[in-house]
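In this document, chain identifiers A, B, C and D correspond to the written order of the chains, with residue numbering beginning at 1 in each.
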C-alpha cells in the first residue's frame, strides 16, 4: 500500500515544473539564510568594536551595507517572482490539446466519485477513489463537490485544486511514467478528512483501454451457488439502499458504485487494502475503521457474510 | 530639582473642542471602524450581485418613496445639528438644550420612517442572498440611528441635570458623530435603492 | 473641574497628595473597578498567558495523538475540537491580546504620561475579553467547542454540516475578542497621539510605540471584516439568511475573502508589536540606538500597508482566475523587503554596539535565527505553483509556527524577561532564563523543522491520524518529542517567574541601563507614574538627559489631571481630568456577555440583550460624584454648581 | 448561593452535552419493537402501565441532522416531500394516523403501512432508522427546539425545523396523553 505521495518525485510535466522551481527557491533561500546567520553571529561575537558606538562614519558605512543588502534581496525576489509566474503559466498549458480525456470527479464526505464521461450513455463508467489514466496524454478533471469544500491533491502529478460546492473547477493532470500515485484530500472536510485518499493509476494506452472496456461491462453473473446466495444476501441487506451494481436491482447513487469492486486496489478511500479479511471488517464494523463515516454498521455475520464476500470477489 | 527652564502648564485651559480633545480622536477611530463595517457590507452586496444573472432575483426592486423621504429628513437634520454644535462650542446652555431637542425630533422622525422603509424592501431576510444582504445593510444603519438617538437623549438629560464644560465637549462630539451617521447613509441608500438599476 | 472660586487654592505638584489622589481602591470592588492602566494591563498579560498555557496543553494532546499512525488516543470528533480550540485560543485569546496588553502597560510609561487615554474603556475591554475566553472554554468543556478549524470554512461550518451550537460558540468568541481588540486599538492610538510628554515629537517616539501605533491602525481597519464574516455566519446559522448558501445566491468563497481580508493583517497585528519589542531589546542590550530610525519606521508602516494587499495567497487553490493570483504573488514577495530591512538594521546595530549576553538578548538572537527561516519559507509559499503543492499541508504548519513562534513568541518571551523587573520590581533568574531559551530553541526546531519534510511528502493539515504506509510515522514521533521539550521550557519559565516574585533580586529604577522613559520610574511604578512629568530632549531620553533637564510643573495634584499635548510636536495644549475607578465597565461587559450568549439560543436574545446592556452603559456615562477622585472634590460636595 | 450556581451549571452542562454528543457506533434505544405497541386507546380492564421509550436521539442535534440526510438519501422525500406530504401523508402537522411516539414511528418504518408505505425491515439499519424517527418527530415540532436542524444549503422551500413552533404530543392514538 506504500505508493509514492511526494512533491519531489515528479512523475508528470506539471509536477516536474514545480519541482525544479522548488529547488531554485530552496537554494536561493538557503544561501540568503546562511548569509544572514553568518552576519548575525559575526555581529554578536566580533572583537574590535568602535570606541564610540554612535560614531557617524561607522553608522554611515552600516547604512550603505543595509541599502546594498536590501538591493540584493530585491533583485533575488524579482528573479524568484519571474520564475514562479513562468512555471505557473505552464500548468494551464494542457488546455490546447483536443485529444484530452474528460473525467468528472465529485468529492463527497469522505470519498471521491469518479465518472468517465462519454456522449454515448452505455459508454459511461462510474467508479470510486481510483482514476485510471493513460501515460503521456493530458487528462481534464472537472471537479465538483456535493457537500463541503474538499481539495484534490496528487503531489507526484500536479498541485491541488479545491472543489467548491456550487462551482465547477477545471484541473489538468498528466503522467509521463507508469505507476500508482497516491493523493489525499487537502482541505479540512469533517470527521474523516484524514481517510479520504485516492489513487491515480497511470498505465500505457493498451492496458488503459482494456481496463475501460472491462469497467463498461455490467456485473458478471455469479458462477457458483455460494456466490449466487451472496448476491441474494446483498440484495436483501441495507447495501441496496445506497450502493449500485450494474446488472442487478441495486441502483443506489449516494455511495460508491460496486460493479467492479474487486478490481480496485483499496477500500474505503485508500484506507484499507482490498482483501476479503479487510472487506469483512469494513462491512461489519465500518465505524471501527473510520469513526463518523456514512457507512452504517451492518448486522451480517456467519454464513451470510461468507457468501456475500464470495459474491463481492466475483465483481472483477 | 526645579530648574529655571521648567515648563509651567498651570495656566492651560481644562477643556477644548475639535481635534485638540482626546474624544475627537476616539470618535474618528470609531468612525473608521463603522466606515469599514459599512464598506465591507457594500462590497459583499456587489460581490453577491456579481454572481447572479438577474438582480434582484425574481423579486421587484425596493420602493423608492420611503427611502427618499428618510434621506431628506436625515439631510435636513444636519441644520439643527450644526446649530447645536455652534451653541455648544459657545458654551451657551439654553440654546444648546433647545437645538439638541430639535435634533431629537428629527431623529424620532427618521426612526419612524425607517420602520416603513423595511416594509418597502419587498423581500424577507431569508428569501435569498439578496434579501439577506439588503436587510443587513438597512439594519446596520438602523442600529447606528438608534445608538445615536439614545446618545442624544442621554446628553439632553445630562444638560438638564449637571451641565459642566465637559458636557459641551460631548455635545460637540456627538454632533460630529451625527454627521457621520447621516453621511454614511448616502452610499447605503444608493446601493439598496439604486443597486438593482445601477449594478 | 471643581468650582475654583469656592474651594481652597488648588494644590500643585505635591507628591503626597498625588499619592492619595491616584491610589486605586482596595478590596474586591477595587479589583472590579480598577482603571489604572498598569493594574488592567498586568491582569491582561496574566490572563493571556493562562490561555497560552491552555492552548499549549491542547497542542500537546494533538501531538500525542499524532505520534504514531492510526493512533486511537483521541477520536476524530474530539481531535477536530482540539485543533480548532488550539488555533482559536492561540490567535484570538493569546497572540493579539498579549501584544496589546504589553502595549497598554508600557506605552503610557514610555511616552511619559500618567494613564491610558480612556481608562474605563480599557477596563471594559479587559472584562469583555475575559468573558469571551471563559465562555469559549466553558463551551469546550461542555462538548460545545468549535470543530471546523480556526478559520471555519463554510459550508462545513454552515447550518447544514455543523449541527448544534458548536460553531455559534466560535462566532460569538470572535465578537468578544474583536470588541476587546478594537477598544485596545482606539486607546493606544489616542494615547500615542495626544498624551506624549512635551518634547517627544513624532520623530522622537520610541520604535516600540511606533509598532503599537501601526498595529492599532491595522486592528481598526482589519477587525471589522471578521466581525461581519462571523455575524453573517451566525445569521446564516440562526435566522436562515443565505450569505453562504450556493443554492440561493450565496457563495462559499465570499467567506474566504471576508475572513482572510482580516486573517492576513491579523498575523501582522501579532508580528509588528514583536518587531517593536525586538527594537527595544536590541537598543538596550547593545547600548546604542537602533541604526536607521527612519528606515525602521518606514518599514513598519509599509509592512502595515502591504499586509492588507495579500490575503488571496491563502486562496490560491480555489478556482480564482490565474492572472489575479500572480498579483498576490508579487505583493506577498514584496512584503519580505520591509522585514528584511529591519533584520539588516538590527544586525548593523549589534555590529556597531556592545552586546550584553542577557536572556532578553538571547531571545532576540533566537528570533533572528528562526523568523528569517520562516520568512523565507513564506517567500516560497508566495509563489502560486509552489503553494499549490504545499498549501494546507504540514509545510504550511511549519511555516506559520516559524513566523508566529519565532516571530512573535520569542520576542514576547524576551519582552517578558525584559519588562518583568519593571512590572513586579523583581529580577528573573538569569541562568533559569538561559535554560528557558535553550530548551525553547531546541524544542521548537526539533518539533517544527521535520514538519517541512512531512508537508513535502504529502501529509495534509488537520488530520487526526494517518495510514501507516505513508511513512510519516518517524517524523511525527520526532515532532511529538520536540513538543515535550517546548512544554518543559514553558514550565521552566513559570518556575522562574514564581521564584522571582518572592525571592528575585530587587530591581532598581533601571536594571538594564535602558534609554526609554519607563525606566525613569521606580519598579513597579507608582500609580501616577511620573512626578514631575519629564520633558523629552532626544530619542533616548535617559541616555542623553542633561543635568538641568527641565520637567513639567503646574499640574494639579488634588485631582486626576493629565497634560494633553499636540499630535506632531507634542507641545502642551490643555489639561484633562481622568475619570475615577468605576464598577460600571465591569457590569456593562457582563451584560454584553449575557447578550452574546443569549443570542446563541434565540434570536430574541439579541434584542432583549441589547436593551439590557444599554442600561449599565448609560449609568457609566451618567455624571456622578464618584467620577472624580482626589481631595479637590471632598470640600465642595455640598455646593456643586455650574462651572 | 454558590450551590445554586453549581446546580445551574450542571443542568446547563448535561443539556449542552446531550445536544452536542456525536455517537458513531451505538446500539439504538430499542432494537426490537416493544410489546407495548398499540394502535388504539381501547383495551379491556384498567389501563396498563405504559412503557415509554425515550429515544435520546430526540435531543441530539447530530442524530437529527443524520436523520435528515437519511430521510433524503432513502427517498422518503419522494412521497412525504420535506414534511408537507404528497403521495404519502404530511409529517409536519399534528395528525398522526399510527401514533407519534418514537416506537410508533419506528414500527411504521419497519413494518410498512397500507396504501404505499414500504417496509424497510432489514434495509435500514437500526441506528439510522432511529435517527430518521428523531428527524420526523422534529419535523412536527415534537422535539426540543435547540436540537432541531437549521436551514440546509438547498433552495429555501420552508422555514427550517428549528423555527417551527413547539407542539406537545396532544391526543394521538396509541398513547394516553
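We adopt the following convention: contacts are C-beta pairs under 8 Å (C-beta built on N, C-alpha and C of every residue); 3 or more make two chains touch, one makes a residue touch a chain.
Being a predicted model, the structure only gives us computed values, none of them experimental.
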What chains touch chain B and also chain C? D
Set of chains adjacent to chain A and to chain B: C, D
Sorted by contact pairs, first entry is A-C
If I average the CA coordinates per chain, which chain comes out farthest from chain A? B
Need the CA-centroid distance for the pair chain C / chain D, whole Å please. 48
Averaging only over C-alpha atoms, locate the centres of chain A and chain D and give their separation in whole Å. 39
Which residue numbers or ranges of chain B touch two or more of the other chains? 126-128
Shared-interface residues of chain D (touching two or more other chains) are 22, 24, 151, 153, 156, 159
Which positions in chain C touch two or more other chains at once? 75, 77, 155, 161, 236, 239-240, 242, 245-248, 251
All pairs of touching chains, each written as two labels joined by a dash: A-C, A-D, B-C, B-D, C-D
Note: in the complex, chain D contacts chain B through residues 151, 156, 159
Touch list for chain C against partner chain A, complex: 75-77, 80, 148-149, 153, 155-156, 161, 246-247, 251-253, 286-289, 291-292, 295, 317-319, 322, 325-326, 329-330, 333-334, 336-337, 340-341, 343-345, 347-348, 350-355, 365, 368-369, 372-373, 376-377, 379-380, 382-393, 456-458, 460-467, 469-471
Name, in rising order, each residue of chain C that touches chain B in their complex. 1, 12, 117-118, 182, 185-186, 189-190, 193-195, 198, 220-221, 223-225, 227-228, 232, 235-236, 239-243, 245, 248-251, 254, 257-258, 261, 532, 535, 548-556, 561, 563-564, 566, 572-577, 614, 618, 621-623, 640, 642-643
Within the complex, chain D is touched by chain C residues 75, 77, 139, 141-144, 155, 158-161, 163-166, 236-240, 242, 245-248, 601
Chain D-touching residues of chain B, taken from the complex the two chains share: 126-128
